[in-house]
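We call the chains A, B, C and D, going by the order they appear; numbering starts again at 1 in every chain.
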Amino acid sequence: MRIGVLTGGGDCPGLNAVIRAVVRKGIEAHGWEVVGFRNGWRGPMEGLTKQLGLDEVEEILTRGGTILGSSRTNPYKEEGGVDKIREVLAQHKIDALVAIGGEDTLGVAKRLTDDGIPVVGVPKTIDNDLGATDYTFGFDTAVHIATEALDRLRTTAESHHRALVVEVMGRHAGWIALHSGLAGGANVILVPERQFSVEKVVEWTLKRFERQYAPIIVVAEGAMPEGGAEVLHNGEKDAFGHVRLGGVGQWLAEEIAERTGKESRAVVLGHVQRGGTPTAYDRVLATRFGLHAVDAVHDGDFGVMVALRGTDIVRVKLSEATAELKTVPEERLQEAEVFFG
Amino acid sequence: MRIGVLTGGGDCPGLNAVIRAVVRKGIEAHGWEVVGFRNGWRGPMEGLTKQLGLDEVEEILTRGGTILGSSRTNPYKEEGGVDKIREVLAQHKIDALVAIGGEDTLGVAKRLTDDGIPVVGVPKTIDNDLGATDYTFGFDTAVHIATEALDRLRTTAESHHRALVVEVMGRHAGWIALHSGLAGGANVILVPERQFSVEKVVEWTLKRFERQYAPIIVVAEGAMPEGGAEVLHNGEKDAFGHVRLGGVGQWLAEEIAERTGKESRAVVLGHVQRGGTPTAYDRVLATRFGLHAVDAVHDGDFGVMVALRGTDIVRVKLSEATAELKTVPEERLQEAEVFFG
Amino acid sequence: MRIGVLTGGGDCPGLNAVIRAVVRKGIEAHGWEVVGFRNGWRGPMEGLTKQLGLDEVEEILTRGGTILGSSRTNPYKEEGGVDKIREVLAQHKIDALVAIGGEDTLGVAKRLTDDGIPVVGVPKTIDNDLGATDYTFGFDTAVHIATEALDRLRTTAESHHRALVVEVMGRHAGWIALHSGLAGGANVILVPERQFSVEKVVEWTLKRFERQYAPIIVVAEGAMPEGGAEVLHNGEKDAFGHVRLGGVGQWLAEEIAERTGKESRAVVLGHVQRGGTPTAYDRVLATRFGLHAVDAVHDGDFGVMVALRGTDIVRVKLSEATAELKTVPEERLQEAEVFFG
Amino acid sequence: MRIGVLTGGGDCPGLNAVIRAVVRKGIEAHGWEVVGFRNGWRGPMEGLTKQLGLDEVEEILTRGGTILGSSRTNPYKEEGGVDKIREVLAQHKIDALVAIGGEDTLGVAKRLTDDGIPVVGVPKTIDNDLGATDYTFGFDTAVHIATEALDRLRTTAESHHRALVVEVMGRHAGWIALHSGLAGGANVILVPERQFSVEKVVEWTLKRFERQYAPIIVVAEGAMPEGGAEVLHNGEKDAFGHVRLGGVGQWLAEEIAERTGKESRAVVLGHVQRGGTPTAYDRVLATRFGLHAVDAVHDGDFGVMVALRGTDIVRVKLSEATAELKTVPEERLQEAEVFFG
């Protein structure tokens, strides 16, 4: 038997750990051959392959990124894309695919399975916003990095009696903000799930200054003040005529400075959150996902995705897997509020 | 209302995060007063207290250890111990206790509740061997530290063509060995749950050398060769006449050297695994445990322990909580074996 | 004898280590009393003090920031500032001051000594741009943090076939860019000491892409393209009518994207470089600086600054200490160029 | 021109950074070819080579160990060893060698140069005990790792009111103990350069307990109590009839426990100190050493070793380089003593 494996979408620590587990279990447990496809769905469309033996995956467990490369290519948006995949798989005698990726990649995986190409999915989202799994690998690493940054920034803020706004990843879900904010001892946490009142943030900030400590505000990149993007950028439009997004950290730092008369700075953590060596937690989760994806292939159970439920790895239908965005529930936000101010 | 909080048993990163959450929620959400008792159950027996206000817990989230100190004192093993606790609590007008600790501490918490002293428990075991909760704080930090050590040791082993045996914590359960072994890319993982065959370990080791890589063996301190302690120390007895325990790492390194003719070294990670700043994961878990322990007190729900189930914090009866040791199930060990050799 | 100690200027990991060493040596070796002045020169002007005994410095070695707070106050720019200092010192019976700070703080220290107030200086600059000392504490920590970020960013850049521009601190000197660039394996390093040719940067970038690797460009915040600030911001002026500075990283990423047709991103590391726990190197250097500052006070050797020369701590006149900015010499830049592209 | 490069002796973070710099500068600046010899001097004796182009060194900067492998082989101790080297070099048309190693490797390098084989040395010793250079790469990494361990261990010791003895590397020189002890806030530092009084250590330990803190003792593996090895192991002899060495940490912990009546534990850090990714400091130093070694080859300046003096890389005769062991001078020990107790 020969299986193919590919990685799609944005970078996420743990991708290589999944690849290694798939290769290792495919070869050692089942005697299969494993072929890597390069650059997401572009690989099986254009026949970009990389042979994956034990030696190729020997030293990749600890490495960030993906040795297969990635892309955002969607075969359903390219002329004859699916037929090309069918041809390439036939030509390389591939019996099944393991596709590691986020909503888009898994969406394609579902349609391909429906169209007769057997695929097993492995979920990947740094934002932890896939509903069908308790956690996804990469998330713990992102939270770890943001928390380390908060640990570093706190002492500077204290020494200089400053408010500090730290913008972390999270366009639609505030998981990274919530968890790094809790772990880093943030005094305010702002997430996309709930528009924030600048007055309330200012109040918490002042309360903190009164206690003679420096306020640290963690804000997800997708968080919005009440009134939304119109308020954030005074309705400024981007090149496509949409109200401009982003920059909430810098905007908020300026608002706080103006309204409190205190020094205030913004730090945008950016890409550093999604690169580099995965945490031990993410290595274990990614490894187990890879092992169980091979089990699913072995069982001929296609159109499914592996998922974490408690401490177990289970399988869920790809159709359910991407049905809904998992956002931070209201009670988790309220739980955190005793730390504000 | 006034509540007391104490920490018992061995060190565990995250204890301070629990204390902080209890204090913060007690004061900010309920307007309670919080009194810390020092040095485990010795505190409420002898009236060793420490006032805990917001300032006292301001900078402790990131710190290892416990600001309350710890001990292994058991009031049920001391003459009039429980009566002393009753008196001290009355004297300080304490309405309820939050007790953070492992099997022993929680066992006392259960008996005290039965004896009319209201206690809520927070589980703490670096070994992750409590059956009633998916994970305990401290475990992720221990795995993180052991994994970092494995990352460092691997390159040296490779450069010197050596076998390396790394002994990690885990007297009765192999969770730290299993998770750090998976995360650190170990070539053999040995746990207390299953006696190991030295021949099999030697075979895996040689297979690895044949592939021109250095073998890394992770062994829990409580793992045993087939034949048990008698084999390990040739039946040598300790001062109490028991067969001597411990030292399996060094013993195994010598066995491997002798049987393979290859250089082989042992590293015993020791106490470094249970100290220092907690990982982000453990800070979040410990913080949530603390918050929910206060909820239980607020609800008058005593004799329970907070626990993690999936992503939820739930309450379980203390009687169930400590009923059974959670060991690594056979299927998790088999899952890991594709990485051996 | 009673001495005062203060910290001035921007944050820098190691300040607390200096304070601890001063207190510890003052008390343990000489039996002095040590008084901390808060918030830089504002402290001795306004009598803001903090008693510093052994307990106060017990746990600060590992902490970033400064327990004394800081400011940019200059007594020579405030009405009667120096007289106020004289009065406060007399009132608190302070015999001498240890002033920890950068160019500005040390400049004040020099003038105060000339004006009869005995001061010993301890140099502090995260940028390592003080000519009289081989290294200053804080610099190694900043390089360490920037290097960790480069390690993380590289794998993402590789996986996505992107150019990555990383902006690090360094307004006037490129030491952080040079050292973190060398340590992080940058493919181009741009510093304030030498205006860069965008054409050359693009050439190196393309050479790197041709070798199938992702180009990483490290740029100091003060680096300038040929033509200077006029080119950088098209001559755009700030509120004071000066050509706008800053933002070279984002600008360069956009130029590269446009000229190469490749994806290109900028990351600005910002304040995270100057906070948090110091590296072991910086803790040792800061500690030795503190110890030798006390020696200078003990010897009655004022108007000097402690400095590192090779492995020795020496004293240099404050007048010489701040005479010249230490920039990266041309040969160090040429040395690095074999790694470009 | 073709040059060879090899690594000898024990592991040391930064070896790969030197190799990379030699290859990169040899190829990019001079158009040379670079051949790696495997496993120390065994490589040029037995013709074990590895071609080193730009791709081979692309990803090694951050990796511990050495991609060339190492050994302790000495051609002057093997029948016809030097002639074999001469033949292999002739056969591979090697014009000069860069030898990276410690005292033994550099001693061979010196004799080979005397015997007409042109060699340039790069000093490597984790212990920092080579007299001719201010620092060697690997040392900063070892100190960093030991300091991180001390940071972790302190909080546990405090929580449990224990004395903690941490044994670090350093058979003949106490540099790692001194620097990690200073950086980690040790309360006693014991080095091979000065036999220690157990009474004095106990006194400092008790002083620390009286202040309500936990004592941390850092001891180099080669440190000895007054009376020497006879005292340490009661004159116990090893298999060769020599008084047994090693184990000073465990011995001291037991002595302290017995003499103070307090709990006391030993942690032996071991190999973890010499493996894994180098610190930024070591990467820069190792890289500069490699670049300057190529300069020496280019200048035809053989029989020399590169060395750090202040911030400059200089060349010193190999004959001087290994003449004397650089131990910790008395004044550096006295400097540290204000922190004891």
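Heads up, the rule we're going with is that contacts are C-beta pairs under 8 Å (C-beta built on N, C-alpha and C of every residue); 3 or more make two chains touch, one makes a residue touch a chain.
For each chain, UniProt lists the protein as follows: A, B, C, D = Pyrophosphate--fructose 6-phosphate 1-phosphotransferase.
Small disclaimer: the values here were computed from a predicted structure and weren't measured.
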Smallest number of contact steps required from subunit B to reach subunit C: 2
Shared chain contacts [subunit B and subunit D, defined touch]: none
Interchain centroid distance [CA atoms averaged], subunit C/subunit D, Å: 30
Inter-centroid spacing, subunit D versus subunit A (mean Cα positions, whole Å): 41
Interchain centroid distance [CA atoms averaged], subunit A/subunit C, Å: 34
In subunit B, residues with contacts to at least two other chains: 151, 277
Chain pairs that touch, as defined at the top of this document: A-B, A-C, B-D, C-D
Interface residues, subunit C side, partner subunit A - complex: 7, 10-11, 15, 63-66, 69-70, 145, 149, 151-161, 164, 265, 267-272, 274-277
In the complex with subunit C, residue positions of subunit D that touch it: 24-25, 28-29, 54-55, 58, 61-62, 134-135, 140, 143-144, 146-147, 151, 179-180, 182-185, 211, 213, 277, 279-281, 283-284, 287-288, 291, 309-311, 335, 338-339
